[in-house]
Amino acid sequence: MQAAITTKKLSKVFGTRKAVDNISLEVPQGAFLSIFGPNGAGKTTLLRMLSTLSRPTSGTAKLMGIDLKEDADKAREHIGLISHNSMLYPDLTAEQNLLLYAQLYGVQNPHERVMEMLEAVELKHRRLDVVRTFSRGMTQRLSIARALINDPDVVFLDEPYSGLDPHAVEIFDELIASQREGRTFVMVSHDLQKGFDMCTHALVLARGKEVAFGPKEEFEFGAFSLLYRETVGMGVS
Amino acid sequence: MSVVLKTPSTFQQYKTLLRKDLEQEFRTKEMITSMGIYALLVLVVFGAALGQTTQALDLLQVSGGLLWTLIVFTSLLGLNRSFNHEKEQGCLEGILLVPLDRSVIFLAKATSNILFLLAVEVITVPLFYFFFLTAVTPGESFWLLVLPLLVGTIGMAGIGTLLSTITVNTRGKDVMLAVLFVPIIFPLLFACASATTAIIVGAEGAMDVFYPALLLAAGYDVIMLLLSWVLYDFVISA
Amino acid sequence: MANAKKSHALPEGGQWPDAIAFWAVLAGAVLTTIGFLMAFLYAGPVNGASVDGMPEMIGGQMVSSKLLLSQKIFYFHMPVAIVSFGALAFAGYYSVRFLMTKNQRYDTCAKVAMEISLIFVVCTMITGDLWTRFEWGVWWTWDPRLTTYLILMLIIIAYFVLRGFIDEPERRSIYSAVVSIIALVDVPICLMITRMIPSSIHPVVLREGGMTGDMGMTVGVCMIGMILLGFGMYRLRFRQVRLAQRVQALKDELEEN
Amino acid sequence: MSVVLKTPSTFQQYKTLLRKDLEQEFRTKEMITSMGIYALLVLVVFGAALGQTTQALDLLQVSGGLLWTLIVFTSLLGLNRSFNHEKEQGCLEGILLVPLDRSVIFLAKATSNILFLLAVEVITVPLFYFFFLTAVTPGESFWLLVLPLLVGTIGMAGIGTLLSTITVNTRGKDVMLAVLFVPIIFPLLFACASATTAIIVGAEGAMDVFYPALLLAAGYDVIMLLLSWVLYDFVISA
Amino acid sequence: MQAAITTKKLSKVFGTRKAVDNISLEVPQGAFLSIFGPNGAGKTTLLRMLSTLSRPTSGTAKLMGIDLKEDADKAREHIGLISHNSMLYPDLTAEQNLLLYAQLYGVQNPHERVMEMLEAVELKHRRLDVVRTFSRGMTQRLSIARALINDPDVVFLDEPYSGLDPHAVEIFDELIASQREGRTFVMVSHDLQKGFDMCTHALVLARGKEVAFGPKEEFEFGAFSLLYRETVGMGVS
């Protein structure tokens, strides 16, 4: 089977700073890749390149076999992204927000699909409320619904847990678990335990460079934990 | 339920994006109220400034310039806010994640900006007439005013959309937009003000000024809109 | 691919034009000085009138000596104006190149060209304004040419303000490239406006029948001088900026290893 | 080291706060550049608007109004930014945590706003003169212009500081500030514009208009500043 | 010895919503109080009232024996606060920022005190750099220095760990530990383990009401953990 994500010598330079430096990965379909690293390691930058929001300075990246440089629009059909921002319009209702994205993606039965997703995140009863009035947890749930509305094959998560209370975390975990079948996930996290538990593959970055990458089986938690601590101890670049 | 995707036509996406802006405005009425109130305030300030004159001033002569100054300031305000909305929760990135032609985003945003600006003009131009022109007798083909208004609004909203996409990412967005927008829009402003003044004064040979000026404005519109359209992809992906 | 590779290689040091940059500036300065002398010693006053402190009759109008002298400004005013447009055109060209290749070098080129054009624009304003003072007796009028040119200057200033207000280098170069391309639209308008709006009081030489030989000669010398000056200044400044970037890049590389 | 606290005098705290604003501006030059450029743009737009007239317009008559319109818009911009700075990283709360009299914050902020506005005026008023008044002959006691400028600037910065403290916490701050600021400042604007016009025109009996107008403006200043000072505690702790 | 914080029936009402509802506490000097609760429970609101940034709707609060309503300025001399915001001016240097606060507080040897604090957070070598150029971790350290510059007796911390990488967390922990002597700390956190480990007193809030409060000895971690989970499970109010 074709790999979900393939990168070759992927780099991103901001001015003279190499935020991502020569990263080559291959992540199979259905995998769950956790990305670790200290502040400023280039995790967000890597995720943004893979989700076509920013262009690599050099190197190539393929998503489901599609070259991101050559056919970004085709690749976008397969991508879902949950970032720090909810990407929801605060002055539209939950339903209007999802409908907007469903129609932009060209989902065939947009109204039904929106209802289905609202049910999945337990927000159907609040669908006519404006997002501005939602609490943080509710917004996060809706944001998940938004990211999955086009049934993406690859889902990117950038520190999805930050600021959630434990209950919100639970709900989120359940949702992710129910969606893992057949999907590829890439998650950035500062929580080693959690990130390691969930993953099938792990990547450690420091100063834009790959420190370790491989399927989980190759790592033993103790050693990996040590490696991670060491990497993080290198400090902010 | 299995999800079937069928890439929608560009026009459908355009409609979806435009509808989003309109729905938002329909709910909050933020853009139109704030632009409207601001325009009114600017009118009042102008009134006070010109009311100083002890001798009667030939208001007809300056009215075109005044009207366009008013429109420039008001559209500055509107443009500033229109992209703030998109940035607020990272919505713009959400849209960029969707497989669609970048210029659709430009066209939809420019259209909504044009619509809001026109809506505000529908209120302010009569007010302007009321405040400044009832005491004097404007030319009889006064209604032709709509032509420069239309051409000017389209151009301002078009270039303004490009520029506000740029400035929404810079420090001190409001000033930056003004600093870029006013000089770049200037030829258009100039032509439209000429045409408007010619119409309002309605002197003999007014049409000899009116049509060339209008044509100039329209030409500028075309060039700038094309340029904005082409360059938009670079700006929005930066 | 080759381009992409080059773009994050170290900024290169000097190139061949740098060798002649200094000489270009020198030659430009010399030619401009010669032009200055010619303007007063060689080129005759308009229509062969003589400067003797007495008003002269030219084309049915009384013209004072002061005006005849102030006409000399023309020999600098026009070349400077032309060079300012030229520098802007180059900035626009490099901006297009930058957007096509995303090669940081072109961004630097465009920025330096903009700097040069700002210098020349300011010089045009100063010479033009001195002239305005003598010819029309006022410091400023809202003549279309003067206004459009002032606007052009504002756009160039806006370009630099924009650069100053963006912290991320990539964004900065893309945005400023776009702005400098848009700014280019103003150049033909500025050039044509005296021809388009007949009410403009700014003179148009080509419309009014041209110059005599000696005047043309002087203008030519000044013109070449100014072009050389512009080119030389551009190269010198470019080299300086580029070397500074190189030092920065080397420093970063050292820090990393 | 043991830390010894000795409550500093109000004046010392005032100096410390004021120095902070100046140091910040000294480093970024953001307020003065952006206000300066904005003022220049407004000037150009006015110039173009008035330059439309085919007949010579009596510029002297409107120049007072123009100058004050320019100042109102520029100060609107500056006021908007000055509190944005304080909000950016929650700095205002940091200051509020310090045991100090709230009115010191008001005084320091008003002072820095006055200083920035004056600095901008030092650049723009000569430019204004250059662009509009060199072609005409303004009255001979032209230099008296500094009086209404000073009185007007102090009043605007004072009330503006109070109002921008209010609006920085509201949605759509820029419009809200304009909506509150322009009507409240209006009497001051009017008085200052009268005084300025009288001076610039320099007709006979100009002083009969000038001094009463100036006095009116000064009176308005005093009342408003006192009011702002008293009310500031409520506003900033809200 | 006098209590560091005493509140009696403290309430804060926003419109019709009771954000903090009848909270009565007594925290002795030198204690470390951890506050837990779901999103929207009123933790931040409580902290803001105690640090004089917002006025209670009803009830009284005393800090080091000083009534906050009657003599807020006197109380402020004893208060240090680290909130989500750094409260630092991005365009001033590290030194200028600290000096500003030192002088406002009337610290007697402001320059020496600033140097001392810069040393304590290991930022002396960067003192002439503008805060805008600091990484998140560096900013957080400087923010700690700012909060402690007036040698406060009571320090409030609102979710101080959010967004920090593990190394930054370590540094922060060490700093807090070195400062605990003689000081009272009040910390809001979503991390039960960590918050419980550090504290001497614990408070659980839900919908503005006190669910549990007492010295740590009264709680057994297992039971407390259960109680907390239950409270958080009540969801966003």
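When the chains are written out, they are named A, B, C, D and E in that same order, and each has its own residue count from 1.
Here, a contact is a pair of C-beta atoms (placed from the backbone, for glycine too) under 8 Å apart; a residue touches a chain by one contact, two chains touch by 3 or more.
All of these numbers come straight from a predicted model, not from anything done at the bench.
**Student:** Under the touch criterion given at the top, what is the topological distance in steps from chain A to chain B?
**Tutor:** 1
**Student:** More contacting C-beta pairs: A-C or B-C?
**Tutor:** More contacting C-beta pairs are found at B-C.
**Student:** What whole-Å value do you get for the distance between chain A and chain D if each is reduced to the mean of its CA atoms?
**Tutor:** So the centroids are 48 Å from each other.
**Student:** Centroid from C-alpha atoms only, then distance chain A to chain C, rounded to Å. What do you get?
**Tutor:** That gives a centre separation of 50 Å.
**Student:** Go ahead and note the Å separation of the Cα centroids belonging to chain C and chain D.
**Tutor:** For chain C versus chain D, the centre distance works out to 37 Å.
**Student:** Considering chain B alone, which of its residues make contact with at least two other chains?
**Tutor:** Touching at least two other chains: 30, 171-172, 179, 182-183, 186, 190.
**Student:** What residues in chain C touch two or more of the other chains?
**Tutor:** Expected reply: 147, 151, 154, 157-158, 161, 170.
**Student:** Would you mind listing the residues of chain A that make contact with two or more other chains?
**Tutor:** Counting only residues that touch two or more other chains, chain A contributes none.
**Student:** Among the chains present, which pairs are found to touch?
**Tutor:** Inter-chain contacts occur between A-B, A-C, A-E, B-C, B-D, C-D, D-E.
**Student:** Can you check the complex and tell me which residues of chain C touch chain D?
**Tutor:** So the residues of chain C touching chain D come out as 138-143, 147, 150-151, 154, 157-158, 161, 199.
**Student:** Show which residues of chain D lie in contact with chain B when the two form their complex.
**Tutor:** Residues 30, 34-35, 37-38, 41, 44-46, 48-55, 57-58, 61-62, 64-66, 68-69, 72-73, 77, 80-81, 171-172, 174-175, 178-179, 182-183, 186, 189-190, 193-194, 197, 201.
**Student:** List the residues on chain A that touch chain C in their complex, please.
**Tutor:** Per the touch definition, chain A meets chain C at residues 11, 13-18, 57-58, 207.
**Student:** For a test of understanding, state which residues of chain D touch chain E in their complex under the given definition.
**Tutor:** Residues of chain D touching chain E: 1-8, 12-13, 16-17, 20, 23-24, 27-28, 30, 85, 88-91, 93-101, 237.
**Student:** Which stretch or stretches of chain D touch chain C in the complex?
**Tutor:** Residue list for chain D touching chain C: 33-34, 37, 40-41, 44, 47-48, 50-51, 54, 130-131, 134-135.
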